[in-house]
């Protein structure tokens, strides 16, 4: 059994990790920390877990994380980087669901996250946990930077095009729409029901933290700098991201085949038939990215539609997928949920 | 492996059966019928099943239902009663998710369902599939009448009170609220998004078909006629029923203990702690009924709160639970989903 | 022109007052206070008001409220009682949308609101602003206690029955469902979109602050003590209250006529035809209470369905209605919005 | 008083016209036709109108439309073109809210709407009713082609850029998101609540009927052919369109000033401050288009955000605005609703 600890279990990625891990046959949950809620049974806060989980929140001090085999950080940005070195030194593997280890260029990270990085050397070591690109490196890693939700949907959508050199890289556009759970569980006015329901808006058009993370990935795929515009929107969904990607086709390639071949061996990327429109609900609760590729009216614009559940393939599910790879388990262990439709 | 057929696979109870049964380790899905969609792969209609199910819809004629071990009817009322006898004669067990076999009094059934019953003798034989009451009879049955969604939530909420003779049976009130999927997948104006979203209304206050079904059960529990008022409401949820039950306490009983003891051995009924308020999302996708019991301000009114997912414990999940009992499997096989929260 | 001030303009009742008052032909908005947002143009916070309102938030000190003709308090409970006397002394009329002056029994108020009342004598003077009951007293009042949202819907639904002595007053039940805006605009976890969307729950079953307010009214209507149970629920609506009321009929009265006659002269109460089911969206944005009365299956239970928009007839609209009465204007001035459907 | 008739009053644009016109001080509603519902009081179908409108639906034959001053067609595509000539001959002005007269190139229209056009000469005469472009022509017109919802939001967003020659016209992208009411009130599976709620998807990526309508407008603004990609999405809003527009800046122009100057005299277009993100709810129920213009990170991509209520500025409100212009009334008569927020 793999001994698992979770730091920061009171947010949505925390409870989603618990939903998945309580049914993982090789996992023994040892500790879930919350300084504020220490002592409270987790299922009192999240009653969906009643009958599944007897554990209570504990303080970090009493959690015994150094005795775990792997620790997930489901914390705000800036927490994991303070605690990771000690865990690694104790032989514990670390999967960070926040952004601390995602961006290789420390200066860029510090500019966007507005704090000094505590351990640049670990950033260099960390493996970016997108299995469809980095499966081999993940296998031997000590430290995984679990990708952001938007970055997962957008990178998987652009990946085949950029690897194949099929599009003009100077003008890539990602118009992305997210459910409100992507904004976290900390109470803030703009994510109140009465603000976000029956409402739609763009936000952070001037610059969103996921922009440099995605750009870093796209440039690796393309092997050169790219011009990339990213506009996120808040949409009245609980869960789900829909990324609509636009680029100019620059090569005479059968795009449908390109996508199908690139993802032929990927269990968690579903290339839909030509003409399809993936719906976010088809992946609700499931660890899968569904993609469709279009060339409207046969013109030179390619439109890629990419959907994930931001809490599963966009966060907790991908983290469990990474754990499965780290521990040489079948990659889909505990990730066999069918999307909940309706 | 249990060979399973589903008649009528294009509605919400149909796709929910598929979500559950595709992951059932003892089930082999043999056929899903839809005369209208025959030939279409099921996953083309319900893309959440892509990668899980290769089956296509078939016509009833080519489905070979008589070779199945069990057939589920996820059909409109009045269909199962036409086809059940032939299946039973062929040795096939039948679980009807519609109302054909729920009401023992044929005259009452015919009055509320506005058609002549095709096989009154089978109504007499059918076992009402509420395991918490009828587990023993279900085990040996050939034909199960799977309870309605409202009736499941309301009966489980009133059951301990009536069995114990704890309330005045002349004035029982059930104020029930249902998500819109309870109205089915056939397009009708009042269940359009732009009609049902951001809207709340009662309906059928003058008389709803679930009223006689619930009343029949309550009178069995109480051992006498009851005065029962039932008001259903349509609420902008996809899934979920919340029943709020009112009665006058007539005996000096610790109600919390009463409920806890009655359901102590029931895996799919969760009696919450005193003072709790169950939320529908805590059972979203899960085969469980969560119940809380209150006596506001210590007065003589008891208020019971009972929540289920109408498509799971209120339909497909309970049907699978009944199948598990019929075939002597662990009752929770394929019913281990944690509620999806958020 | 009536000079109007608003204390506490950053919540939902505040912005709704502004939506109504900006179009009131006899109103001149002089000041909207918010200590925290002083200096910010109101339309920067509420962009629906762009082009309609040039005013900025001001501090209470600079607002010059004592020069207004009327001041609305759209503040948390406990604020108005601190400032009302000074305003009244300055000849300003006061309409409090919070609960400070609603409950006549000071001990009861202090028990439920958990603070000491600052001015019990003003409670005695205050007129409860339900025009359908107190229109005459409102006309000459200095201080109006604007009713709560649930109390408006529930009292208007029970009023004809109790005045006529038509029901057993020992067992009155109000099962009420509210949209999330009723919980205010202050960020709290349980009213986040990802918590409240696609979710339904009861709350405060053990005791809600509106219970004594409603009970006070019902006992005035009945002329005697009543047994009253009140269960509020949170439903995924932005706006809207649906109250479902239950009582035992004790007199042989034509209930439809009773309601129609009682409200024949009331512009803001709509008695719907027999058999109707009012929808919350039919009153969205409109200052009206729509009511239907049922006797299911002709039995002795009466079911009343009563819907309002909690922010309009349940708060800001009723406050403007009260202002219109106070200043001898046509009662529907600035209250002529048709409900927004869909 | 202007005598008004409405053909096809049972859909969402019909009821929205009624919501606006019942409060129009210069309008006398003479007839609302619905062959299917003839005889039914309109307020029985749309209870928000109870107390506002006594009219019943009538058959087209008995409606006396030829005696009206203006007739609105709120009908499916293809209806208005059959009846318009007779009305024009009788001296009645016609405003068609459907698409019959929007596209000047008859061959293009017939290709996209899949029917033969009944009166190409009237298409040539019809004025495209976008007042911000065609106000002068609207004033003297007999026949107005009221623009589509997407076309209104997208054209108003691109207009200043194209008129000024500020962008590369070879690669214009409109990523548009619509509320579900845009799909009409006719029951179809994909717009059921349980299908469209908590779900997000693109549709018609291969080609949507509004694409040629928008393209026609953009090419008029630009004075040359444009390369234009349009991807519509269905989002769980009742009302609202959010168009996100992308183009490459090709001229050194202050875009914020450009937009502010272009719309300085337009009452129904609100250019928001630099950095703003308009929300659909800020225009809910209001006849206004709010626009913000961005250049992310100061790069060469311009992003325009344009929001409308699809039923108001995108349909019925714009139709009333056109009627006001036609009859020389103040353009904002009956269009003074503040957006309903929350």
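To keep things simple, chains are lettered A, B, C and D as they appear, and every chain counts its residues starting from 1.
By our rule, a residue touches a chain if its C-beta (ideal position, glycine included) is under 8 Å from a C-beta of that chain, and two chains touch if they have at least 3 such contacts.
Owing to the predicted nature of the structure, the values given are computational and were not obtained by experimental measurement.
Comparing chain pairs A-B and B-C, the larger number of C-beta contacts belongs to B-C. Of all chains, the one whose Cα centroid sits at the greatest distance from that of chain D is B. Chain B and chain C have Cα centroids separated by 39 Å. Each chain gets a centre from the mean of its Cα atoms; for chain A and chain C, those two points are 45 Å apart.
Our note on geometry: chain A versus chain B, Cα centroid distance of 36 Å, whole angstroms. Multi-chain contact residues of chain D, defined as those touching 2 or more other chains: 12, 179, 181, 194-195, 197-198, 236, 238-239, 278-279, 281, 284, 342. Note for the complex: chain D touches chain B at residues 12, 179-181, 183, 185, 187-189, 191-198, 236, 238. If you check the complex, the residues on chain B that touch chain A are 12, 15, 19, 22-23, 46-52, 181, 197-198, 238-239, 267, 270, 272, 276, 278-279, 281-286, 288, 290, 311, 336-342.
Residues 171, 173, 175, 177, 179, 194-195, 198-203, 205-207, 227, 229-231, 233, 235-240, 242, 244, 246, 248, 275, 277-281, 284, 292, 294, 296-297, 299, 301, 303, 305, 307, 342 of chain C are the ones that touch chain B when the two sit in their complex.
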